[in-house]
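In the two complexes below, chain A is the common chain; its partner is chain B in one and chain C in the other.
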Partner chain A sequence: MSSDYEYSDQEYYDEDDEQMFDEDGSASDMEIDAFPEDFKSKKGKQKSYEVPHEPLTQAQIEQFMAQDVENISGIFGVDVSIVDPLILILAKDRLIEKYMDNPTAVLVKAGLELPEKQTESSSRSRASQTGPRRSTRRQNSDQPRSGVSKIIERITPPVEDYGPFVCPICFDDTQTETMALACNHKFCSACWNAYITSKIRTEGEHWITCMAEDCSLVTPDKFIHFALKDDKATWERFQELLVRHFVSCNPNLKFCPYPSCTNAVSCPAASSKSVLTTIVPIVCCGASDSHKFCFGCTIDADHRPVICAVAKMWLQKCQDDSETANWIKSNTKECSKCQSTIEKNGGCNHMTCKKCKYEFCWVCMGPWSEHGTAWYSCNRYDDKSSIDARDAQSKSRASLERYLHYYNRWANHEQSAKLSVELYAKTEKKMEEMQITSELTWIEVQFMKKAVDEVFKCRMTLKWTYAMAYYLEKGNQKALFEDNQRYLENAVEELSELIESPFEPETIATLRQKVTDKTVYVQNRNEIMLEDTARGFQEGRWKWNVTVNGFDQAEEGEE
Partner chain B sequence: MDARLRRVNKEILDCKNDRASNIQVDLIDNSPFHLKGSFNGPEGTPYEGGHFEVDIVIPDSYPFQPVKMKFITKVYHPNISSASGAICLDILKDAWSPVLTLKSTLISLQSLLCSPEPNDPQDAEVAKHYMTSRSSFEETARYWTMIYAGGPGKEGLKSGAKSGSKDEVAMAGLEKAHVDQFEALGFDRSKVIDVLRRMNYRGANVAKINDDRVVEELLK
Partner chain C sequence: MAVSSRRLQKELTEIKTAGTPCGITLLKADDFQTWFLSLEVLGESQYKGEVFALMFRFDPQYPISAPAVQFVVDDKYKAPLHPHVYSNGHICASILGGEWSPVLSVIAVCITLQSMLASCKEKKRPPDNDRYVAHAPDNPKKTRFVYHESDSAAAP
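Up next is the complex of A and B:
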């Protein structure tokens, strides 16, 4: 049952994906008008480093939700309004399974039905449901109808005919209007209103239970709408909370992490954790081109081509090490016996390792026993044992050195990317001036923008290729990877140099030609880099020199 | 009239009229939104005979948000902070329901004294004490009740205690012999009490913690 449903879901996404890509393609057509035709040759064909996804606005998510609600109500054969809270508490597929198994349990858990003990005493209409749990399963066909009738009962405030009603919350006996859920806990509508408003407004809660103590019945949408009366703002806030919860429960959906952006993205291709070893689901929420984020992890930027697990490892390492690595390098040495890092903060050169009690000379790193009585002065630099000790020392230094090599490049690309954007801001001003002073048209001075954008994009790619290279195992594959990296890097450096070259109205035409050519080349190189890496992931070509989450078994099997 | 004020007034009146439950609610600084509730320690517990006072603040969105309560009287109890009087009780947090009243909440506090929940502690040190040695915990709780809540205390508990001076060792739920032992090593008495309390140097634990570790802690 559940797989059927998911399958139809998939189809729905696919159709929309194609539409989206068409739109995407034509949108970028206009932007790059100034560029040669072959630029867009890849349009329509999906690149292997791109993951199909669909940006959704708030309204579209609501539509999605409505659709899910309808689907479930169709399958269960229950009223639409009953499904709303249902859908929100359990992942869809499991929900259907569980419902088929034991509808009462699901309804109780969803706060739509009272646990049986209470049902007996309070709800007349549900008398038929009070049998032992097993029997409810056979009464499946009764379920829909009783659900519907219950809904009607819930949203119709029972009219109080007999005796003055004293609301147990505000102790007011002048209130005539009362409301209650199926549990029949009556309260005046003013209290309901205040309660629901406070839940939604101050607690940000969409899961509002009956006000009575220990009553787990949940107020359905219609009831809330009714209770809120004309309070549109709170109702809208409630809707928003529902949508938020819906998105957070749905593995295919994710909100855009950018501040005050309300869009979400649907990316069914990246909904499970296991696919993250083969794809890098960088998605865009559609609100702005810069709103790019990773669907698979919490890094809120494009970390292509490297996969989430490796990117995360790298960032973690940088956080742990980068600040201190340099300091360690310049201020400490390792004990040549146990490799613990030692800082010499004064005193003589006769060192005793606190950990392994090894005694050595700080200057030559050789064992102290060979120094005899030559305290405070080391003249034994060339002795064999000291050389050995220094070798061991340099080996452990080498790993730090290696890390710093990658880290410096990684950081450098980030820095350069920022600087090139800053530089562009200046260039842009000059361009605008030039537009006014010379007879160049707007379109003719736009090539710079495109080039800077491309440099920025490629530097981001390059940045992450260093993170990836750090963890790649030595071998032909890594050599190929580094070749691609080098080509891209060279091209990017050349282009950034061109961007920075001074320009005058007379030379602008040639500069424009050069920059445009280079931009196209860089773009191609970037494409190759991304394509090849992405394909490598899909083919399982990359081998790591550390254990990467999700790769464990594959690695062991092949080595 | 404001619904919140009407409700609070009615609740205060309810408590006044109900003599049977022995729950009192009084105004602090003349505002009906800042109150002092009090009740007697439940019978058959170490709190028996004590009179406990609770500070009550009625929030603006009462009764839709829970009242804020904390003990004014110091209480030795796993779910009540021995320092601040803060209370860990579900109905004062997420299990609050608008139908609960001041009276019912105070009764819940009273029953909290009967049935501590050491697995969800507010005061971890007290909870540890409770888990290690129930009888020692009860003795300390009784001592606190006597000192702070005007309880009768156990006959012949500690000779000097009755005269009004507080016995720090009993307050911390420790054995006088243990404190003397470490004090004899030259450490400050209050520091010894503090460390032993933190290390839960009670009951079966005494055998598990060796003296060196205690000294190490004392030297820190």
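Up next is the complex of A and C:
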């Protein structure tokens, strides 16, 4: 977007400006010391709250895969056609380790070789039962490159047969072409074709074993290509399945979760679960700016600044509790003596707790004994004993209230973000109006859209800060966190109001100045919020009031 | 002739010339879509004296794709009481799903099921029988069974 603005950047800010200048537009070197230590890094290449990652297209993944294969084939000193299926069973590092340890076991596991016993027995039994069979062989069109690829070689083993070959699957004795893997289970090529096509097409299976019962040999790529003949579509689908599988068993890679997006992301920094306590690996697949997702968990959205484990806990809690908690809050009261939760579903205000038999007044929560005969009406609200009773009640409700405090703010930002579609439409209309009523050009009114973009972004941050604050342990760190949160929230609300306020043609210049300034300020507050929280995770500064996955030991150690 | 018909024709001829193994009888095979066979476990077993019927349903992709096999449950036949057989006749056996191999045949399936019954030690329904039967599709092939180790009773 910056190219659009370049020629007008003296008039207002754009993103490039902010990289180089602070709010007042002066050179940043002078100002930089005025910012807290951790804010300086904003000017550096990598921000603490961003995790390095690389978007990959389908073709790039294939390249990636080919590279890995070539790499490993170099290490093992075997043909690439052998490594191809190997990288699909184990991740690269594990594979190298295992293969160095026991190559045969790995080859058997990958279906490239038969287990020791089976080879012998099957070849013996095969010899006895092959009998008089004949098949007209076609010449091996693509000669394997090295001696290791005996599997391929045997696609068309030269067998001297005498009788007509009857395929044990289709019982067609007019077949002239047969194929077999190293296990020598021969079937006609039409059956192989039907079998492989059905495996790929209907089962979406890339792991295709020999058709014989209990035979664990896997058909290599070349064999499949050969069997599929001219069926390009199925071959392509097979390639796709291979890539899918490769990505799913490679911890450095993840597919973009957006519907029908085929891009993937490589993010080695977040490949292990243990780093997820210090970073929030939000990545973008590159297909579109909105294709942002978390590399570390299954949340399909930017949940910065809060880490995966806490975000997940919060979502779970909201799913389980919010409605229930709201209902409890509005429909029940607690017995002022034993704190049992009571729902009044009828009858008079003279309550007798089912559990502790305490008698009290539903209206003022005070003991019934003080009510005398004033049934069905209560005028005793201010009496000391009922105040005490209500105090006890409020204390027991504090945790519920506390949760709802955070939940309501969380939900509020979510709601506002959802309404942003309308806001965008409204803003667009306003921008058009501005162009008509004032001298401003289309480019010059873009400040409005930029402001809305920023508000949306910040609301997402704010939303998750409430999830984080709910679980943060009380203390100075939390106070600092909430200060940052408050500054950001105030700024966002102010900017929000500015955007929605009606404008007069005369004041448009001031409004534009105000909005532009505020947008920059909000952007900076958001940076500070994200940056400081990310730093906090790296420094282990945040303490939780509950047990968070991955933090257990740290907490125990400190207590 | 379609592959499935030719193949079934061949299986049928073999059954008619070579006969069926002990305890297995062909009841009905009028077309190449649905066959019925009866199954009995001979010798000492939990199912002594009981006769069951199996229904085979073939699609045009047979034998590349597995046949849909289930025990017949009607006025005459009941499904055997077995930990892998649901009361609606559906069978949880790996060779009818993921471990199906195109070289297997109708008779091979019968033999496998026969040995599955013969090796049964305790007559009971699968633990989730009621839930499964309530929601089961008509065709057992549409069910995604999770096979437990003991399920893969191999043909002798």
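Here is the rule we use: the second predicted complex is superposed on the first by the 400 of 559 C-alpha atoms of A that agree within 3 Å, B and C clash if a C-alpha of one lies under 4 Å from a C-alpha of the other, contacts with A are read in each partner's own complex, and residues count from 1 in each chain.
Please note the rule applied: a contact is a pair of C-beta atoms (placed from the backbone, for glycine too) under 8 Å apart; a residue touches a chain by one contact, two chains touch by 3 or more.
Since the structure is predicted, the reported quantities are computational estimates derived from the model, not experimental observations.
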Chain A as common anchor, with chain B and chain C clashing or fitting: clash
So in the superposed three-chain picture, is A:Cys191 touching just chain B, just chain C, both, or none of them (first/second/both/neither)? both
Could you look at A:Ile169 and tell me whether it touches chain B, chain C, both or neither (first, second, both, neither)? both
One more residue to check, A:Asp214. First (chain B), second (chain C), both or neither? both
Per the definitions at the top, what is the overlap between the chain A residues touching chain B and those touching chain C? 168-172, 187, 190-191, 194-195, 198, 202, 211-215
Footprint of chain B on chain A - complex, ascending: 168-172, 187, 190-191, 194-195, 198-199, 202, 211-215
Touching chain C in the complex, chain A uses residues 168-172, 185, 187, 190-191, 194-195, 198, 202, 211-215
Residues on chain B engaged by chain A in the complex (per definition of touch): 3, 6-7, 10, 61, 63-65, 97-100
In the complex, the residues of chain C that touch chain A are 3, 6-7, 10, 61, 63-65, 101-104, 108, 154
